[in-house]
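Notes to accompany the following structure.
The chains carry the letters A, B and C, assigned in the order they are written, with residues numbered from 1 in each.
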């Protein structure tokens, strides 16, 4: 096989326009399989392990470590050992020349989040993979997050499914009135959004507070839910690090926010300037603090207020899986123990409370496989 | 009093020079070569010239941001002015002031001014100097209708009267301060304001050189004779925007075109002197040509001239430091 | 969220606050423009178009074109603020503050203290500052040190469009008199600015760059100049903190001192005239509070002690630029201790 295959700078999330290879995980000349981690790619938001989309011999590191490159730029070349170096040189040349001329179009085509009115309040969501017939996947972020939390997961899932990441009330680009702010209100908003964008039935994936919202939605409207994936979920026990949610609300500077966010990850180095800056900018918006406070009080004051563990049985044949970071410091992974037999539990080593960022590839694979089975 | 032949020529030549200077700047500004803010005086020439014809170098004037006309009328060199506007070392102020700060103290020109209402108090001071040193000089403050609303202007009217100074306040009312109409922003009347301070005041048609010239003579003679301050309210108009780049959307449709057609001090002057056979048209045409040449060479010389040097940045802030 | 210019950010802040609070009024010369004139209403929207469109939404009751009488209308803003409005007065160029300074520093600034804490004077004076516009000596100054000197005033100098919107909304909601500086050279600069209203608290500095070797404190537009220098230096392995204090009064001394404690070296970039400006103020602070942390003498990058010249080549020499900041940083880095 004499084919030469390009590996290009991936796009993690909507706002990523460029990235750099923090370090190559595989040297030139090694044989790689699909899914092998070949490099750590750093964006202004976060660093992420990048898995090869192709198999073959990693012939060339085109990108140097620490070199800023636009999304879509050539970073590596995979080809059979038989292909002469000169041909690879020519391929790189050709790719670069073509890339220089077509780059702007790719940019223009980037999908934008949309906003709809739900019960008179704006809700923002981002839809990828709209062309797929398959039942959609709906991604629900946790407390203080937004749809961008799924940046490493959503594009990959969207290769086979329609995937909708939404902003809960009080978060991201959704309105900042949250009413009572409890699970009932939040899941009613999610249901309202799905109704208004014509999603009769979906696979729900929720993280932390968003997982409790997903679970509550499934309990309230089982006919509309195809499966439930709970990532580091709230709703399965009373214990939660309440200092985290409170400090998250009060921190007004990067310096204060940094140790708070560091609790979310095993690797505190993942807390980037931009991640903090985006959160601070969000919290400065009129009503943001009030919304977060209302949600915190309704859900976490004095421990988790609404525990749904005992109601899992009511879900009948809706499949449920749980994914947890083994080193989650916000909600203890022990809460995954003792769940009903039908619930698949995956505890991921090397991940804290944000496995969908820290172990994005694993989480994506688990969701993908689970959803495929539940189709 | 009749103006003699030479005086008539001078009046026309000075007004023509100002007009040409400003119209040329309008064109040159559009090329992007002239830095900063430029406020043009075209249309208002009769005021500066009608007043300054009565003055000599021992008399002082204070001007405004719209200062080129006052400078030329007070005898500033057009070459050096143009160089100043282009930011050249040989400019009248070494390139440090620009259009808004042109001055020539040797000619009694105390400067264009970037601060509206900055001039009238200075003129009280210049008049005080003339009075104390008994130079026989007078001082004239030119200020706009906008500036007439500044506390400094009203305080100066009062002070000039209280000290009985040889000061003349010339309010050049072109109907606008930037985009704001004087009909909105000026309460009462300019004349009554001055009279309220006990200062004799007169309103004149600023497109009529002779009317301005007459009113100025009365005021200046009064001041020289120790009769204290006077005020003249000159009604006129500007042909261009507040500054170059102003779209003038606040002006009425056809307003400027109509003005240029009907209210032009140069055309009126020409009609008056040719009809009265005081100056033949051919002589006026000759003055027009000479003025055009003078401005052309001022522009060429300014473009060729060199900017200040790095060392110039640090000089002139103090007499000694 | 979308890209907005500094000008749009200010306009949006004013518009959103006027919608939110009927007590907010704006006043100034030509803030609408065309008052009493035969042509278009809203002809100017301020001399550089910053308030354009506001009169259309809020009418001339709340968007007040003033006569050319700064002393009267700035004073009126103070009086209105003390009696229940929340005026935003525009002083076109800060150079004109001379005309109305008494109303600001003897009146508005001191009401609260003189009246034993009983007065609130929630007024904002928006004003343009800064050289680079070829506007010469009377339209180019950076007079924020003069108002910073006055107890009772708060002083804000946003460094970008995002900062401008959040800080202006904060200024309007603040109960003390605020002087808000806008750099005329920055009005067309664009960046991402949220559509919704937001506030940035006063007295909280922002670190626009983070580094270990040296701290640069810069004000207003000079923050961009400092960032540019820091980025260049970073390529040579010299990593700098850049501190944007956002407000000179209150001043976030804690962040400045923390950064100096971390880096031991300090360069201050201030476009204001070099005597008794923010650079001298910060130098004094650090010399007094963090002397032992310093590994090298402090350097100030300021214009020379002369008025702003007109000639473009002189003005370019006058205003601090990234080259000068870079040179100052290198000089400090080269310093050998005793």
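As a working rule, contacts are C-beta pairs under 8 Å (C-beta built on N, C-alpha and C of every residue); 3 or more make two chains touch, one makes a residue touch a chain.
Bear in mind that the values here come from a model prediction, so they are computed numbers and not experimental data.
Taking each chain's centre as the mean of its C-alpha atoms, the one that lies farthest from the centre of chain A is B. Of all chains shown, the one whose average CA position lies nearest the global CA mean is C. Between chain A and chain B, the centres computed from C-alpha atoms are 70 Å apart. Separating the CA-averaged centres of chain A and chain C is a span of 39 Å.
Chain B and chain C have Cα centroids separated by 35 Å.
By the touch criterion stated above, chain B contacts chain C in their complex at residues 35-37, 87-89, 93, 95-98, 100-101, 113-117, 146-147, 149-152, 176-186, 248-253, 255, 307-308, 310, 312-314, 316-317. Chain C makes touch with chain A in their complex at residues 1, 162, 166, 194, 196-201, 204, 207, 210.
Chain contact summary for the complex, chain A toward chain C: residues 173, 252-254, 273, 281, 284-286. Of all residues in chain C, only 29-30, 33-40, 43-44, 47, 65-72, 95-96, 98-99, 133-139, 304-307, 309-314, 317-318 touch chain B in the complex they form.
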